[in-house]
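Naming follows writing order (A, B, C, D, E, F, G and H), and every chain is counted from residue 1.
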Amino acid sequence: MKLESLHRLLHLVATGKTSVDDAARDLQHISFENINFAQIDHNRSLRKGFPEVIFGQGKTAEQIISIIEKILKQEDIVLVTRVNRDKANKIKSHFPDIEYHEDARMIVFKKNEIPMQGKGNILILSAGTSDIPVAKEAYLTAENMGNQVEAVFDVGVAGIHRLFNYKKKIDEASVLIVVAGMEGALPSVVAGMVSQPVIAVPTSVGYGVSLGGLTALFAMLNSCSSNVAVVNIDNGFGAGYFASSINRVGS
Amino acid sequence: MKLESLHRLLHLVATGKTSVDDAARDLQHISFENINFAQIDHNRSLRKGFPEVIFGQGKTAEQIISIIEKILKQEDIVLVTRVNRDKANKIKSHFPDIEYHEDARMIVFKKNEIPMQGKGNILILSAGTSDIPVAKEAYLTAENMGNQVEAVFDVGVAGIHRLFNYKKKIDEASVLIVVAGMEGALPSVVAGMVSQPVIAVPTSVGYGVSLGGLTALFAMLNSCSSNVAVVNIDNGFGAGYFASSINRVGS
Amino acid sequence: MKLESLHRLLHLVATGKTSVDDAARDLQHISFENINFAQIDHNRSLRKGFPEVIFGQGKTAEQIISIIEKILKQEDIVLVTRVNRDKANKIKSHFPDIEYHEDARMIVFKKNEIPMQGKGNILILSAGTSDIPVAKEAYLTAENMGNQVEAVFDVGVAGIHRLFNYKKKIDEASVLIVVAGMEGALPSVVAGMVSQPVIAVPTSVGYGVSLGGLTALFAMLNSCSSNVAVVNIDNGFGAGYFASSINRVGS
Amino acid sequence: MKLESLHRLLHLVATGKTSVDDAARDLQHISFENINFAQIDHNRSLRKGFPEVIFGQGKTAEQIISIIEKILKQEDIVLVTRVNRDKANKIKSHFPDIEYHEDARMIVFKKNEIPMQGKGNILILSAGTSDIPVAKEAYLTAENMGNQVEAVFDVGVAGIHRLFNYKKKIDEASVLIVVAGMEGALPSVVAGMVSQPVIAVPTSVGYGVSLGGLTALFAMLNSCSSNVAVVNIDNGFGAGYFASSINRVGS
Amino acid sequence: MKLESLHRLLHLVATGKTSVDDAARDLQHISFENINFAQIDHNRSLRKGFPEVIFGQGKTAEQIISIIEKILKQEDIVLVTRVNRDKANKIKSHFPDIEYHEDARMIVFKKNEIPMQGKGNILILSAGTSDIPVAKEAYLTAENMGNQVEAVFDVGVAGIHRLFNYKKKIDEASVLIVVAGMEGALPSVVAGMVSQPVIAVPTSVGYGVSLGGLTALFAMLNSCSSNVAVVNIDNGFGAGYFASSINRVGS
Amino acid sequence: MKLESLHRLLHLVATGKTSVDDAARDLQHISFENINFAQIDHNRSLRKGFPEVIFGQGKTAEQIISIIEKILKQEDIVLVTRVNRDKANKIKSHFPDIEYHEDARMIVFKKNEIPMQGKGNILILSAGTSDIPVAKEAYLTAENMGNQVEAVFDVGVAGIHRLFNYKKKIDEASVLIVVAGMEGALPSVVAGMVSQPVIAVPTSVGYGVSLGGLTALFAMLNSCSSNVAVVNIDNGFGAGYFASSINRVGS
Amino acid sequence: MKLESLHRLLHLVATGKTSVDDAARDLQHISFENINFAQIDHNRSLRKGFPEVIFGQGKTAEQIISIIEKILKQEDIVLVTRVNRDKANKIKSHFPDIEYHEDARMIVFKKNEIPMQGKGNILILSAGTSDIPVAKEAYLTAENMGNQVEAVFDVGVAGIHRLFNYKKKIDEASVLIVVAGMEGALPSVVAGMVSQPVIAVPTSVGYGVSLGGLTALFAMLNSCSSNVAVVNIDNGFGAGYFASSINRVGS
Amino acid sequence: MKLESLHRLLHLVATGKTSVDDAARDLQHISFENINFAQIDHNRSLRKGFPEVIFGQGKTAEQIISIIEKILKQEDIVLVTRVNRDKANKIKSHFPDIEYHEDARMIVFKKNEIPMQGKGNILILSAGTSDIPVAKEAYLTAENMGNQVEAVFDVGVAGIHRLFNYKKKIDEASVLIVVAGMEGALPSVVAGMVSQPVIAVPTSVGYGVSLGGLTALFAMLNSCSSNVAVVNIDNGFGAGYFASSINRVGS
């Protein structure tokens, strides 16, 4: 339930325009709603400023459809992450208006445009072309949570002059998300150049001792630059969400 | 070199109060200073808003003393992390005015009080009593970077009512640092309650499959709450620094 | 061989209603039966109170069918775990009366209803919707071993008020099974609330440093709550079996 | 606070023998008590049937003394685990009446004898002589939580006839704790013989690929016997606690 | 080249029945033969008593066919391990007389029956039915290297009376191969009963922390029984080969 | 951009044969070229003596085609690594003149023959037949960077006389690349025989505790011979590239 | 109890020279003897041909002394492994006649010389000088179990001509024990030269990715030579014991 | 034995100035010398251009002294690595002329100055001050093998302008050694700037998920720059040796 809906409803009750009984019925799901295979957390948007996001992996298309239905009754937007094309097609046949972003494996379903809520720009950098899907997931998440977002891809350290070319964009951002696989060196270099918070996202791009992204993850956690924190491997969603939470601090 | 010192110097040159030659000599170390075993990064405070912090582990007391001397010529404050009591005593015999915090293994040496620069409060929570040293390192770092900081220790999930008792403090903070060892569950629970960014710090507290903190680290990276990012095991310093960088976003 | 059958047979011998020779022939398989690719442990139900359960993974449908045939000659129930749909179909074409539970990948084949033997209720909680298959395997196992079982799904710590809503059910259970993937925090929180034994089941739900369930497993083994013991990743069967053994203690 | 004390106090209030004000003062710490470096969970004995047990590792002797003082004001018994001789001596010089068990690294401090509360016997088996310290920690924990406990040491599988000699004791126990290092095979063999719950405790005894107990732990989690659950490496305390919780089921 | 062929050829030269030139041409490949993608080690049967065995994994059917052709010119038998059905079919269409054992994924191609060369019996035990493919690979290897071999499957420790039933066979063997997955406890128990060498073979049977066989491997390496040595996970071939080398010691 | 092209262009400007404006337009991409999903590093051949090599894994055929087009405008050769047959076919339908080497999974596209630039011979040795694909990737890379290259396959330590047969080739090489899976012993043996640099390439050939090549990698890093350095698992490309860089030292 | 003592005693009973009662008292400990902290397996020398060997690690000097006392009442020899100098001194002050081998950390205590029982020679090779302590443990074990043993140290693959120099000794041995740390390549090379069984012993010699011996262990398990089996890291005792069991096959 | 000594001796024989018997006695140790605990490889300097280097770890001071004595009879220089101060003192009391470098834990003992043999400069860069000991080991090794060596310390990526300041030195080197701990990013950045071979040396500097240097090692093996090869963690010696072998290619 959005905060403004709650205010509006309570105002109607206060002014007698809605009966207590009617309001009670509306509010009964404000905590959460039990649909047997899920306990939908309708309280989340009140508590956290954004409705529950559905983790698509390990859920059936049917389960996802049911959860979307319940959330959309109370919210203006719903995101689903980690959805492959097959599941997305089944969901789209039920909700034709969803946007499905195949590279980011993400569904966005919104009733209205999202108002800008963050204070500054979020800049997303990727080390390589192969890291783009994870960077896109971060992009879509941050954008749909109401932030100004920009992205530059393929500026890894093998040709570091490419990075320095974007120095101005980097300086102007309020938060940076840096996505890299293999040796995961880019976040350290970027964080060494700036004072803003840098969110490092390791990807599973690589082979051999890239260990499915563990090496990039561990490298980022050992960054010799101090303004770096890290999210799980390939977790573009978490990076976008965390950047958005930073971008609202003090607002 | 502090930004205001740079401005003052350039102003003196512009108004003819300092000769170009004198200014050049002062500025020659603005990039960095080579003292053979270290290239001191005097540019860091211009670039990042805080002077280089010395990583004490693996350096001799003599090396640390030399680096402190060079930094203090240009800065008002210097921090040294991961210093054991023996090294600290040697350093203190050279600089009697340093504060040494044994539990946090940290040296703080400042010429003046640090002005408040962050916009909100940083709240530090620890799961157990044994996690306090790491939490203290975060506390000292954030405080000395000019932030309002508060801490509550020993509110782990084995008795979760203790945590809920501090709900008000939690809601009022602008950024949260949550420190935990063992199963590392506390950051997920805290982040599930709020919309602010939560910085999770795994500690090496535990035994057996705590694996020196790896389990807490991995648990935090897998948090089912999305407003969580993570730093290295026992890295209280990094958490405090990162929190400070968030607390200045938009300022 | 069921205990009551053994008693009945010996009674018939004692009263002269069965000849020693006939009884000897019946009893010859009481230890185990060699069918070349398996040594079926018919003694198990005497020794452990429940017949051998077939671990379906790595066995062919033909092997499973042969083993079921042998067990059913002496027992009233047989369970087969980790059976995919293809194998299940082959087995069903031979034994049309089996129940196959696809989500739990489990076959239940029973001649009669199972009498209640446990003393209290077993309550199963899952952290997420994606953990349901493992929770179901625990459910079916415990139920078919003669216990009162109940389950609540999707009460993970990202919205902890959902868990507290089921406080009464939790307090009334004699044993709890808590199933969770990702950071595996739920068993610690639940065990911190109660005095009963809590069996923690890590699942392979997650990605990146969930490490196929290792992170949840290690987190649960490090629980700061003391009334927790753990079974293998995705081992719903073991959790159900262990809960049943607890539920009969003292009976 | 013990449950009976709570009842008695409320009865005194109900009968007017204690004023509301006096009772309120007594009850104010019933939730928890903040002594800055710890939030002592006085509610624990109401909730879990046994007061908070102090995890000694990583705490100073001074911190442990303060916590003991606070707990003993409300409880009849306090246990401290993982205390080395040095710390124990400092604590003993403050509380001369504590018992310190050096092999189990455990402090027991009790005002009265513990009444028997469990229903059956708990039997502890260790595979080797070197596993005895962990087995002793389990013994002391279970015994001081009010259970009948017995132990047999050094019955590992290298000479399996030694185990079978204790078959009668094994059959008569209500719960078994089986402690083993190295290959950790003993719990599987024991659990294969009985129907009761078997709590497996891996120890760090061994070298090379015993990996500090990880191998024994993983072996136990993979037990081909189903009535087995596992606790952390060297966690004798947890095994004793869990066994005690089982031994009270239904009581 | 077989040792007897070498002797025969040299005898023919010594007696003038073969010219030096003809013999030289025959002997030129006695060291090895370069067929570009392989250097076939024809010296191996002289040096090791058995011709080169082809490791089928990672080789194409065409490569395997070429190598078989070269070996068979000089030897009476060739084995190929780790061949799936597809490759086996291609090879069989070229050499219709090969035997392909699908469960053991092994090709045996021999011109004559293998004479018995080992001195005693090799006994193979498997813990479960799912371990049979690995046990079969050991069986075929040892048998085709000229040994008397016997096997008993599914005598794991969950029902240890099944194992004791085969005590006589176990005592009479000269070497034992014990195959087990999951917790890998069987070799310790068997080796504790006898004085002969026990070769332990871990298998990848299991799930979760069986870690693809690593747990069984590590458990076996930590055996508390001392007459145990271990081969790689699922390496039935190596176990059979090693048992055969033991069975010829002193002959 | 090739170094000679740059010189020629500047010469034309210096002699007035090209206008400054025309030259500027040509040179504008000399740093790098932004095609949105990639920042093509045209400066690389000036800086490193060889144009950017495309890492094919994780890129779509369409992305690879676009990048090839841009590189070929400025260079005479382009290599693409880790391309499977499907992608290669799509690319070949666009650029019919590419050579695709399926075993090495590599595309070579060159306008002219590559002039020899290295000073000595590079010799590639593989331990087994299954290691050939990785050895071939090294071969093609070194050859197309302008080196004399030779290869000998299948000279692993199980029949070490095969290796010694090639002693002369080994002695004459200026640099050696040694490719091995399983226990990865060959580089140590080879490096023990010679004074030249030996580049060790671990492969993922093996099973069980070969751990996908980690064991061979670690063994090579622990070589008791000192003239050994190592590249990532299966990284034939890196080995060829590194050998080429050695072969030009001093030229 | 030694086999011959058992025979002698039974003979005395059969001939009436010992009363049944006296014999019974002597035989009562033939199974095992319970001394509370240990169940001494006196049956072991009957069952396995050698009395129980004491694993010294994790036992106190007092415990070891008690166990030695009990064993020596029935046996002619006792070995204790993994005893450091301090413990050894305490034991020696109680049993002045023990031999303590500090490099091998082993105690040998024998009443008489050990008669030769093995059929051939056991040859021990070590790769380096630092591996000697482990090789010595193997040497002492095999020798004291009644075998002809010889050793050559420091013949690792960095200078492989040293190994070939001992070709004759190698060919004449009936069993080989090959001890190596670092990359663990020596067993593969040795096993490639001979047909006898090779027991590989990895040591913890090395640093970095030697991983405390794991790399050598894994390399040995992946040996491309097939007549190799492996024991735990630094387990010289197990290698000597296993070699001895091979050396008696058929005797 | 040095190559020139061998030539000189053979020349003396050829010209009759030395008798065959005398020469034979001198040459008898040319292959290797057995001093029981070591087989000293005197052939190494002929084969590899530099005498055997003694790996000090795990050897006693007495063993090292004996080996030095033997080597110095035939060579002009001997190096000992990984020697702590205690051992060094014992060795120095025997050979007062050795140089001991405590930071590099290395002994250098030479009769004459080493002639320059490499063709270009070797440049060593370290990321931090704490990495200097490893860098020094590389420095001493390369220098004493006859190379021009230079070093710059503390130019890690947290302040990357420090690195660029040394661009000219970097461009002029023939080989680069780059030493880094923590995230190990420096080799990638350096290798991206140049065409020469870059030898990456991971160090164990760091904490938490630096994993004793594994993270830096893996990061370097995953370098997105291709002219990088890697040696073991903290293996400065190997890096210096390998650089030296490169620096002589073609000479």
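Following the convention adopted for this analysis, contacts are C-beta pairs under 8 Å (C-beta built on N, C-alpha and C of every residue); 3 or more make two chains touch, one makes a residue touch a chain.
Please read these numbers as outputs of a predicted model, since none were measured by experiment.
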Furthest chain, CA centroid comparison against chain E = B
Go ahead and note the Å separation of the Cα centroids belonging to chain B and chain E.
-> 61
Rounded Å distance between chain G and chain H, as computed from the means of their C-alpha atoms = 39
Whole-Å distance, C-alpha centre of chain E to that of chain G, is 28
Which chain B residues touch at least two other chains?
-> 128, 158-159, 193, 208-210, 214, 217, 221-222, 232, 235
Touch relationships between chains, expressed as pairs = A-B, A-C, A-F, A-H, B-C, B-D, B-H, C-D, C-E, D-E, D-G, E-F, E-G, F-G, F-H, G-H
Touching chain D in the complex, chain G uses residues 31-32, 36-39, 41, 43-44, 47, 52, 55, 57-59, 63, 67, 82, 202, 204, 212-214, 217, 232-235
Inside the complex, what are the residues of chain B that reach chain D?
-> 128-130, 132, 152-155, 158-159, 161-162, 165, 205, 207-210
Touching chain H in the complex, chain A uses residues 127-128, 156-160, 182-185, 188-189, 191-193, 206, 208-211, 214-225
What residues on chain A touch chain B, complex-wise?
-> 47-50, 53, 119-120, 174-175, 193-197, 199, 217, 221-222, 226-232, 235, 237-239, 241-242, 245-250
